[in-house]
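Report on one structure; see the data block that follows.
Chain IDs A, B, C and D follow the sequence of writing; residue 1 opens each chain.
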Amino acid sequence: MLDDLKDKFHDECGIFGIYLNHPRHDSEAAQTTFYGLYALQHRGQESAGIAVSDLKRIQLHKGMGLASEVFSPEIIARLQGQIAVGHVRYSTTGESGAVNAQPLVFHYLNGMVALAHNGNLINTKELRANLSAYGSVFQTTTDTEVVANLMARYSKDHMEDALAKCMIDMKGAYSLIIMTEDRLVGIRDPLGIRPLCLGEMQGSYILASESASLDTVGAKFVRDIKPGEIVVIDKTGLKSIQAVHSGRTAHCIFEYIYFARPDSTMDGINVYQARKAMGRQLAREADIGGDLVIAVPDSGTAAALGYAEESGLPFEEGLIKKRYVGRTFIQPTQAIRELGVKLKLNAVHEVVRDKRVIMVDDSIVRGTTSKNIVKMLREAGAKEVHMVVASPPTCHPCYYGIDTSQREELIANTMSTEEIARHIGADSLHYISMEGMVNALMPKTDDFCTACFSGEYPIA
Amino acid sequence: MLDDLKDKFHDECGIFGIYLNHPRHDSEAAQTTFYGLYALQHRGQESAGIAVSDLKRIQLHKGMGLASEVFSPEIIARLQGQIAVGHVRYSTTGESGAVNAQPLVFHYLNGMVALAHNGNLINTKELRANLSAYGSVFQTTTDTEVVANLMARYSKDHMEDALAKCMIDMKGAYSLIIMTEDRLVGIRDPLGIRPLCLGEMQGSYILASESASLDTVGAKFVRDIKPGEIVVIDKTGLKSIQAVHSGRTAHCIFEYIYFARPDSTMDGINVYQARKAMGRQLAREADIGGDLVIAVPDSGTAAALGYAEESGLPFEEGLIKKRYVGRTFIQPTQAIRELGVKLKLNAVHEVVRDKRVIMVDDSIVRGTTSKNIVKMLREAGAKEVHMVVASPPTCHPCYYGIDTSQREELIANTMSTEEIARHIGADSLHYISMEGMVNALMPKTDDFCTACFSGEYPIA
Amino acid sequence: MLDDLKDKFHDECGIFGIYLNHPRHDSEAAQTTFYGLYALQHRGQESAGIAVSDLKRIQLHKGMGLASEVFSPEIIARLQGQIAVGHVRYSTTGESGAVNAQPLVFHYLNGMVALAHNGNLINTKELRANLSAYGSVFQTTTDTEVVANLMARYSKDHMEDALAKCMIDMKGAYSLIIMTEDRLVGIRDPLGIRPLCLGEMQGSYILASESASLDTVGAKFVRDIKPGEIVVIDKTGLKSIQAVHSGRTAHCIFEYIYFARPDSTMDGINVYQARKAMGRQLAREADIGGDLVIAVPDSGTAAALGYAEESGLPFEEGLIKKRYVGRTFIQPTQAIRELGVKLKLNAVHEVVRDKRVIMVDDSIVRGTTSKNIVKMLREAGAKEVHMVVASPPTCHPCYYGIDTSQREELIANTMSTEEIARHIGADSLHYISMEGMVNALMPKTDDFCTACFSGEYPIA
Amino acid sequence: MLDDLKDKFHDECGIFGIYLNHPRHDSEAAQTTFYGLYALQHRGQESAGIAVSDLKRIQLHKGMGLASEVFSPEIIARLQGQIAVGHVRYSTTGESGAVNAQPLVFHYLNGMVALAHNGNLINTKELRANLSAYGSVFQTTTDTEVVANLMARYSKDHMEDALAKCMIDMKGAYSLIIMTEDRLVGIRDPLGIRPLCLGEMQGSYILASESASLDTVGAKFVRDIKPGEIVVIDKTGLKSIQAVHSGRTAHCIFEYIYFARPDSTMDGINVYQARKAMGRQLAREADIGGDLVIAVPDSGTAAALGYAEESGLPFEEGLIKKRYVGRTFIQPTQAIRELGVKLKLNAVHEVVRDKRVIMVDDSIVRGTTSKNIVKMLREAGAKEVHMVVASPPTCHPCYYGIDTSQREELIANTMSTEEIARHIGADSLHYISMEGMVNALMPKTDDFCTACFSGEYPIA
């Protein structure tokens, strides 16, 4: 999929932390965290940061850009210590800028803390008002600073109790990694909306947004952090506290559709296999006469392979994605119009010419990209272009940490499926059904948050 | 394949030129050339440059880095004129640096010229010695400066005659785009070793290394420039001169194996289909019992699809390539060793676990990457790993513009196929046969340069 | 003097604020503040920042480097509003970095505030401990964040009362400019240690560290802010509150000796004339037979002119200071040793050859620079070199916002005047007397802080 | 004087070379050259470059910006070799950019050469035409490339003969340092228009534009290179060839007025003393009733001291020049108009208030700066402002390497002295007389080029 063409939902953050199980005075913790962030880069490209503790004090480096731009070998070498926590961030609206980069490091009554947060609180305004009345000051508009001040509010409690109280105060989606001078703590919100998992490497524990980052650093996946769980890692090992019991889950289903890496497994489901299963389901639901199946690379590939397998039609690389895409490029003007998609994708004429093409993508947000791709395929000689989409129409905004577009920009809010098909120029258009999508993820019985499709929000 | 892991052959350059068929005082020519270079970026990432002519004088901008780094909208806007020529460069050995970036712009007796060159001359030393004896000075060690001085040597001839004489002097591989104040000229060496094709957009002619770049800018492919042909484009239209007849061709076969984009068609053969055909041929040649076929992305995918099709085995995405790879990253140390491949690729455990995996790649150079990928697949649970390679063993250096490694670094020079299989840890290893590879490219009857496999060089 | 050779005391900060007396929706306030900071750049080169308010909300831009590096015309253009406050910072010890750049902007119960601070509190540790016990969190180690949290502690008081309470809590030296959405406030500590003055430009008020910055922006000097005074500027005009009465002053005497610009006038005394008067006093105190008087440029020039005038000896430019000094340069090695001073200064051989030279400087800290200059003069042919210093020996550290070196690095702590003369290779060395220095600043009767010479600290 | 306010003539280049008299495999030659360029930075700030030879091959590094920006310790460390030549450049008109940075390194029949050039040829066009007819190509429009091609034209002669022939061909002003693999050569044009001198450091020879750069690196001044002389330094020592005898000299008098450092001595005359003598002469010529003498810093200071000495009036620092001037700053708009000079200079009110001020500057080009300074002094309270100028009116362009403004921009071309006085707002204006100026430089009998004042050009 064309992720930087602004025609996709966007995740907000990736987090990673490690507690080495033996005293270290080098930068191994920082280095492992750097590679962990590198593997989570798809979850946020705006800023990156790493904080380390040598059990005495916490050091921090963060900046704007990709992890590989923010960190150099020299910087990593200076970040010495046994514990580390890192963060990559995608900014949602206007509140961009270095001041909002994470982790947030602060001093309070009990010492120093580094906070890394993925998610979104829905009662931030109320929490800030309460805290301000007690004399809190805020230097940013981030949720993370609210969490820091909440922790300080309970600074006379034992840490576990303080965090459990914070969890009662915080409404919304949050996966948090918290580092003090001598502890690493992981917290997942009561519904488990955003992901967080536990890994292990030569006896040392790791916390991470996705299991694929454990593979990258050479660690083993242990388990997902449970909804409502607090995990505390210190020199005595790992302790789990089930701070809140909600009796249900609401895992974000979009992680499986688009956000997460195909090589990650979350809450028991491998993302690649989930996508393939959705593709197979689509083939069962849509009955289209076609000659071949192609994907919109890269995110549509798994579903396309599933579709091809189930339908018995051949899978071909009909669209080629460009390598070496620089981060910025100039705007087309004059005769060179609507160049957008062509800079990233190109059709293989010899593959699609005179063929009835079934094109698989993971989702449609505004429809602009789809329209351009359909046009490109027709110009390359395709006889028919049928689009199939491995998610239902997206009609509702997300309040739990995903950058959905404005409601009015979501094409499915303003047009019927037939109208969209006509709009994008496709001969037909098929979305997977809600039921089909959820069934494809079975036999897992956990519930998912499908609010962006259904408008049924798990938290009021 | 993991192109920046230094375990691949490398192309040297991509070139692109346009002559707008109507007087222009804006930057459309420069802009189109920028997008053309953008589409040819895989042919060279070290430097980029564009020269334009407004029929009176030539302006130039070039620099180190990707086209999107070297050019900004402001810079493009300043490059106004009706004709443009651009270049992206990959440097071979130590002679890197801004001074060698192209196009080379120079003044000589007949005015100004911009030169963009893809290829390598094999008699450079001799040509420089001759020219020096006549008083030439050289500011670089590039072939391009030699070509410029050769042109000046014949500056009292008509341009076509001068270029024909230059072609007699120059031995080796060269595709050249030459821009004077009022002409755009394309030249291809007598054996057609390096590619060059002609496109057309709303009546304006384009010259480019690959047809995919024509698609990107919205132009139509017209034909390949013939070996030994000079094409001169000016206000009167296009004129073709068959300057040299060699009676045979020696197209670089590695363009089909790895260099060119799958969506390009060169000398009558589509690259994606060529690779797929090689994959099918491999399946016929290799008789391996496997459960599934996977590719080393991205360059092995087409061959893997061909293999799967011919063998009847399912194709799966067993290896996931990371998006958002920053250009530099820090070196692993200590406990985090041999991280290399893991930063770019990861295995999908759920796909390969307990399976007999057939892994397809386009080529093996030093074997380091293959070894690490095989190891990664085994750690992910693969029962057997069989590697099949869509090109024969590479044993010989290239003198025609390709950066092959040192002879002693080419693993096929020091080990037998069985030894390589053992070295990389594969259960078996199969290369395509020379005959099979060439047949897969039929029914085209043109001859190819296969010197890197066979050691049979088309020029002494 | 050679300010960047680390052989000088260093000031910590410069501050500047403006309240335009007519509603504005452009960047004039930011622009004036930028030029004000530009004129105060000598007070701090590490970071620069400007915050503006359009009466509704506060915007901020800050960064590392000179004001001219941190701000571009585009950035200034975005900072629209009627009120602005700016800051340039010199970092004292290790606590450098972007996170400490000022102004500090924060939200609290009563809205948004921007804080710019020059000075140093001596009870920071105690204040932080008290605030932490109430639940405050600190993201930096700066005094400025302490002031912000103190203000929030009193957020239920009227602002003037809150600030008066803060002044009771804060011990030490501080000049503060505070901007809320609709007010600009200036505060000077009860002893007036650090400078702060009031200007006026076409009916709009300005607050600034030095009067020279008023000249630069075209404003008129009105008066100095009084020790212990709070000045509140809003749409109703200017209101003065004498929050604290201490009955005495302790203006930092080093502002006159070295920190301030010669064209500034502080607390009634012009800096250039003060320096000249100290030079005349020196000539009366030191009775040296010399042929000519030279200055160590630029900071020794005024005193040297005074010395020449009083002694009747000619003043000559015997040392030339280099223009176009880049900010960094490489380290000398091998044969090129002790190059340091030579890169900045050079002797005019024809001026000093065979002469008895009296060399005037403003102060000696470690003596390294003086030693190198004396050596340079001798190599240029000077017959005798007598050094006279327009301040007494500096033996004591400053706790009020000046970066003095470590006690043991202050050469006057470890050597007698004769020993220093021998150490630096001078034929004689004369410091001005404490009494002479203070008298030279008369007839002003204000008291000065001379703790760095006398060790008598005005605050316990 | 306010050099970057574009109200001054500008020099074109500074050059520096060294031949270490003992085999070296380190970067001492490059390092010494770096410091030499650092000391010559006032002669050109656009680009900097250093080439070194280890007797076998030549390496080069050059770039845009100050020497301290172009070179880092790492870069210097890589430039190993026994001989080095460096260059700093100020670009005259549009032909700016990296491609024109020097030294120019080229290969020709006899090996490699690095060229550094200060000056301007007046027959460039003719030389290029001749060389083009022989097949030369030119990649830039610089004189330096012409010199390189000329050398190649005579490449079959012995080097000294070849250079002597080049000197016959080249008309105009040139000081050249030429480095081959094993020699360092200095050349000065037959009239000695641009400066070049010889130094010596521990037995090693140095060539440099100004003697002050010898002081900086710790070398001793030996002598000036003679007009028309070629100096060849190699392992056998130094050899001098008087290639051309012109029987007269035409040293650029503006070097003494403004370009050169006061601490340099050129062709027997110390610059500081020359300026002071011109100031004394001015005092004799101008009979003005004043209370005090001030300089426009820094370039007017020496003349002001001479004026004060001769007139008996006190010299005061009435104008203070700002330290820490960043290289770029934003443009004033709106209410803040004509801020220009105020950002660089400020008047000391207490010094000039109610006084009759005599203000000394070295030259007037367009008058803009002078006008602003006079206004500033009046606003600071000066009763009268009399301007005296230590050079005659500049009416004629320079063709020998100086960037004079366009003829019509030279205020002395369009107004009488009285009109200029009125234009700049001064009570009176006095230029030194031609005769007075030249006499002040006596008892040296060499002739000077005074074409910019007189229009009498020493070369047709």
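As a working rule, contacts are C-beta pairs under 8 Å (C-beta built on N, C-alpha and C of every residue); 3 or more make two chains touch, one makes a residue touch a chain.
None of these values were measured; they are calculated from a predicted model.
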If you check the contacts of chain A and chain C, which chains show up for both? none
For chain A and chain D, let me know how many angstrom lie between their CA-based centres, rounded off. 60
Averaging C-alpha coordinates per chain, one finds the centres of chain B and chain D separated by a number of Å equal to 49
Could you state the distance in Å from the CA-based centre of chain C to that of chain D? 35
Give every touching pair of chains, nothing left out. A-B, A-C, B-D, C-D
Chain B partner contacts - residues on chain D that touch it in the complex: 98, 104-109, 128, 132-139, 141, 148-149, 151-153, 155
Quick check on the complex: what are the chain A residues that touch chain B? 3, 26, 28, 31-32, 34-35, 38-39, 41-42, 45, 66-69, 71-73, 76, 202, 212, 215-218, 261-263, 265, 270, 272-273, 298, 301-302, 305, 309, 314-317, 320-336, 339, 342-343, 346-351
